[in-house]
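Look for subunit A in each of the two complexes below; its partner is subunit B in the first and subunit C in the second.
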Partner chain A sequence: MRIPVRSKREPGIYGPNAVSFPAYVTGFFLVGMPLVVITIFSFLSRGDFGSGVIRKFTLEAYRTVFFETDLMGNSSFNFTYLHIIGRSVLLAFTVTLICLIVGIPTAIWIALQKKSTQRVLIALVTIPFWVNVLARTYAWMLLLSEGGLFDKLGSPVLLYTSWATFIGLTYAFLPFMVLPIYASAEKLDRSILEAAFDLGASGWRVLIRIVIPMIRFGIFAGIAIVFIPALGAYVQPALLGGNKVMLIGSLINDQFGESRNWPVGSALAVLLLAMTGLILLSTRRRKLEFAS
Partner chain B sequence: MVDDSGWADLVISGVSKSFRDPKGAEVKALAEVSLNIPSGEFVVLLGPSGCGKTTLLRSIAGFEKIDAGYINLGGTRIDLLPPHKRPVNTVFQSYALFPHMTVAENISFGLENEKIEKREIKSRVAEVLELVEMRALSERKPSQMSGGQQQRAALARALAKKPKVLLLDEPLAALDLKLRKTMQIELKRIHRATGTTFLFVTHDQNEAMALGDRIAVFNSGQLVQVGTPFEIYTAPTTEFVANFIGESTVLTGSIDSRTFTGEGVKIQQIPNQIADGSAKKIIIRPEAFSLFSGKNSVGQLRIKEIIFAGDALEVLLASSTGHEVRVKSDVSILAQLSVGNEVELFVDAAQIGQIN
Partner chain C sequence: MKLDISKITMGHRKRLSIIGVAAAVSLLVGIAVPQAQAAVGYPKKPVGTELNLYNWSNYIDPALLKRFTAETGINVNLGVYESNAQMLAKLEAGARGYDIIVPTDYMVQIMAKKGLLQRIKRTTFPNGANLKAEFANPYFDQGRSYTIPYLHGLTGFGYLKDKVTTNPTTWKEFFAAIPSYPGKTTIFDDKKEVIDAALRSMGYKPCTKSVVQLQAVQDLIKSIKPNLNTIASSGNIGRLSSGTSVLLMMYNGATYKAKLANPNVVFVYPKDGLPLWQDNFAIPVGAKNVDNAKIFLNWMMDPKNIAQASNWAGYNNGITGSDKYLLDAMQADTAFTPTAAQMSLGVAMAPCSTAVNDLYTKVWTAFKG
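Showing the complex of A and B:
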């Protein structure tokens, strides 16, 4: 007999030990250290010749992000950077939404196929991963450019517009939405769906009241792994959007490059990190609410 | 052929269904099955696994499309309707409770699909929870309940819809023996209290006899016999039924002037309703035999095996040709028996039946 069991967090058994040592080393040097360095940089002063930092504590970088000072020395709130952050959030949100709308039905549909068909379909979903993201983005440039396939089919030339960025991001992240949702939909007990129909529910109600709540963990995972990278995306806005519309990823890149303002670049990176952290925390809170 | 009258009767007429096995060969799951179930009856579909009983139940529920025949309920044809439009409900073998909902939410889900007032839903939920004695657990999630409690919740969820026919797909198979017995009694009580038609699938012949007003025995897609448990047990019409329901000894031989001869045994005083002839099959239940004393002696037979079952003895005898004869006896003679010895066998000839 199958009783659906809720996954429970079991504290303690995954504590540090010899086997997990490499993971801790990797995590410390490749994740922890860079974050610490960036956070420290954001509180230091700009180097004498622009690039680099000098060891002098200041909140100047954060002040630059939020305030501007005119020639008379008056400070006023600066919306420029906040606009860029807001625009990035909106874009990431829209990309996530479209990935959800397309990804949920796709994943459920795959999970309802025969086992052998499922394997083929999942392989098809993962095929784009075999090709480097840059190569795939260049392919989209060709498709969307003047004289490209979309142009020939009568669509306006979208290359170097926000639409191109949006299309490129949605394309790149859709598999990341489909896979975790499929992983939970595939575990759905068919008799539970039959029971819902048996109790008089229409297909739509079975989807909303039974299927989606039962695959919610897959959906949360999908949202997290689409929204977060989409928020900081750099490749697609640069190549497809032609960097015409500033997004936070490009902005950070510029601060370290052309603008030669490492502290401000670091401060923006820290703000981006804080935002994604808050979003992750809020989905975790929702998870707990659902589970209780 | 089938009487279609009766207001809420379930009429299954000439229903056939084939599947393709993984190799592509056609497998007949149901072969022209016809069965008429009057409203309020408790009917058990009994048979070994793969006999078609579950396919028939799923066809009535709407999860399988039948290839031929029709299914009527209360004079309306239902086999063309989708599952959610049929006035029947199912209790699944795996219970199929919604894991993210409490017991009360599971039950009200079915009622919310109809246009029922909130207050009415609440009282109906309370009513069925009372019926299955689950009132105290209404706010529990399925994962917080035992198998028996989940079983009751699944039953309540289906009954809350007030179905014309309740379909039960081996609902007790996952429970241990003691709990199963308790639930059998519960089911009988609930059946009486609701007056709903119950259609219960099982492969367990004891369960079938304990529960059913009538039993429909299936074998490889065919409906082989329908009758009350008493009829099925005392007058099986085929060797399959005789062996599947209870134990029995089947003897093949000829009958001449009320005397049966065959398989190394000779039985006198064969009942009149069994006509003379050759290649006759007679069936004798273990309790129709007795050892050491009786009226109608069959002769001396060798003891092959002795099984002590607590309240009774099962003795396996072998005829002179080696044919097995099953005898059920009082435990008091245990001390007088030993394997390999010969013992005199008697039979109550009135209990001898004939099969085709």
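Showing the complex of A and C:
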């Protein structure tokens, strides 16, 4: 079957077909259904001894998230969870931004190399995936600790600071930014770039007016797959950051675990999902603006 | 890492959501309380060769399991978890196929009340009577009808005597000393352990309902937070022996291990009281190899076998006659073998009510903020 050239750059405009059926089945069972269960849980009551749920409808979980009764019994709007969510968003945003700043030039540079060199460089980018993320995070702990490599090189001891969290997260997510951007940069038609240079455009202008718009789908994909997991980051803040601030990931984990409050954990997950959905929707709108 | 985005198109969405609701409802029904099974006596021989053990990670000597297989012909498949809550959540979500689990004291009580544990009729076991008196009748399983004891320990604190010279002996002195060692102190990432310790440091009782007392706890732990390097329940053996932390909340057994690497390590049984936690073997409802599980429980009540577990893990056990098989170094070290006076400071760690647990969560969330 001949695939129209346009479909390469604008996937999805031909709608679902039989080939995508396995993807829908996977998405339904592994993503859709758990989300439905979580949403239902968020409207149920806590089980006996606090764990699990019992089938009795209540808005208690959402009330707990938005309003608090402090230790002294005063009820007020609850900023604690919003504060935690806000901090997580800020962290994810910053990590995404740094990944963009480092990832875009890296990806474009790789795409401009010889084909054989590209293959080697991409293999290098993916090498970290051969080792479990936990093991790599422990490696960073050794590097950043007192007496570690960075300490010996004269850097202040960063372990158990927010800087360590940033370093660990950026390190972990950078490949996820580089790979999709590379995938679209690699398809760049070089004759267009040459034409632009021939017409007198500066290098900077070519980058802003031609290269970036042409690789925008790769950039959007990179933003999505860095920002969303970074929002739920758990390992790096716990191990590198010293576990001293609460983030949305550990907050939800705690609700299902030690705090034994599944409905509140579910409600927080639903809120996080709604926020992530809004963010994705806004990038989709921007995508349309770009396309038109 | 917790969320992903489904890409279901408009046309499919409605149909799929109906199936989704149906599936979710059936899942909810599946979580309904399982029925308890009748207790039966000790088996004459193994049935099949399988046994599925669901244990804390890194909590049983692999050589011990190999010897069990060699002596009984039963293969042990080991699954691991990191917290009681994780194990409970998995069983409550309907996981079947685990024959033995290792719940901590308070979790035994919760699981027994929820009908998740089988009665084991310990008295029919050949080794069934080998219980130290102080572990034969715990609050969470009076008469031991659901569990047999595995290992136990106490949560106190450890320090390096060449770095910390004030010789702290109480929780009060522990918390007071923290600001003197900024960036060199650690407490557990465990709200119950930390809040209970802080309550004891001020002369209050764990599981208090008093918001005034809890407010005082919140103020105390928030005030010491800037001096902590990390809030962590694991990795503390290395932290203490390497000097990354010089004063930290520790289990006695972990401190014993740290002491092997650094002779300056000291373990303190705080005079204002400390929790005694006890891990136990139990057979969950839904276990497939109940007979093999009972053979394992009985085998672990053999003094020589449980002593090997203690020697490997660094924690003492509740089986009579096991002391003579313990390593000499362990018997000589009070971090491993507390004196009677030290042991008497230990109070069995009991769970707080859900209402108090919620108050603890508030304090902890404000602390972690």
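To be clear about the criterion, the second predicted complex is superposed on the first by the 262 of 292 C-alpha atoms of A that agree within 3 Å, B and C clash if a C-alpha of one lies under 4 Å from a C-alpha of the other, contacts with A are read in each partner's own complex, and residues count from 1 in each chain.
Criterion: a contact is a pair of C-beta atoms (placed from the backbone, for glycine too) under 8 Å apart; a residue touches a chain by one contact, two chains touch by 3 or more.
Quantities reported herein were computed from a predicted structural model and do not represent experimental measurements.
In the overlay built on the shared chain, the residue A:189 is in contact with subunit B alone; subunit C does not reach it.
In the superposition on chain A, no contact is made by A:103 with either subunit B or subunit C.
In the superposed model, A:46 lies in contact with subunit C only, and not with subunit B. Legend: residue contacts after superposition of the two complexes on their common chain; A:175 is shown touching neither subunit B nor subunit C.
Of the two partner chains placed around the shared chain by superposition, subunit C is the only one that A:276 touches, whereas subunit B remains out of contact. By the document's definition of touching, neither partner reaches A:263: not subunit B, not subunit C.
If you count the residues of subunit A touched by subunit B and by subunit C, you find the higher number for C. Once the two complexes are laid over each other on the shared chain, residue contacts for A:146 go to subunit C alone; subunit B is not touched.
Of the two partner chains placed around the shared chain by superposition, subunit C is the only one that A:160 touches, whereas subunit B remains out of contact. Residue ranges on subunit A touching subunit B, taken from their complex, read 1-6, 189, 191-192, 194-202, 205, 209-210, 213-214, 290. Contact residues on subunit C toward subunit A in their complex (touch as defined above): 1-9, 11-12, 16-17, 19-21, 23-24, 27-28, 31, 83, 85-86, 88-89, 92, 110, 113-114, 183, 189-192, 211, 214-215, 218, 225, 228-232, 244, 354, 357-359, 361-363, 365-366, 368-369. Subunit A meets subunit C in the complex at residues 15-16, 23-24, 27-28, 30-33, 35-37, 40, 46, 48-53, 55, 68, 70-73, 80, 83-84, 145-146, 159-160, 224, 228-229, 231-234, 238, 242-246, 249, 251-252, 254, 256-261, 269, 272-273, 276-277, 280. Considering their complex, residues 61-63, 82-85, 89-90, 92-94, 96-100, 109-110, 113-114, 142-143, 147, 150, 157-158, 161, 173-174 of subunit B touch subunit A.
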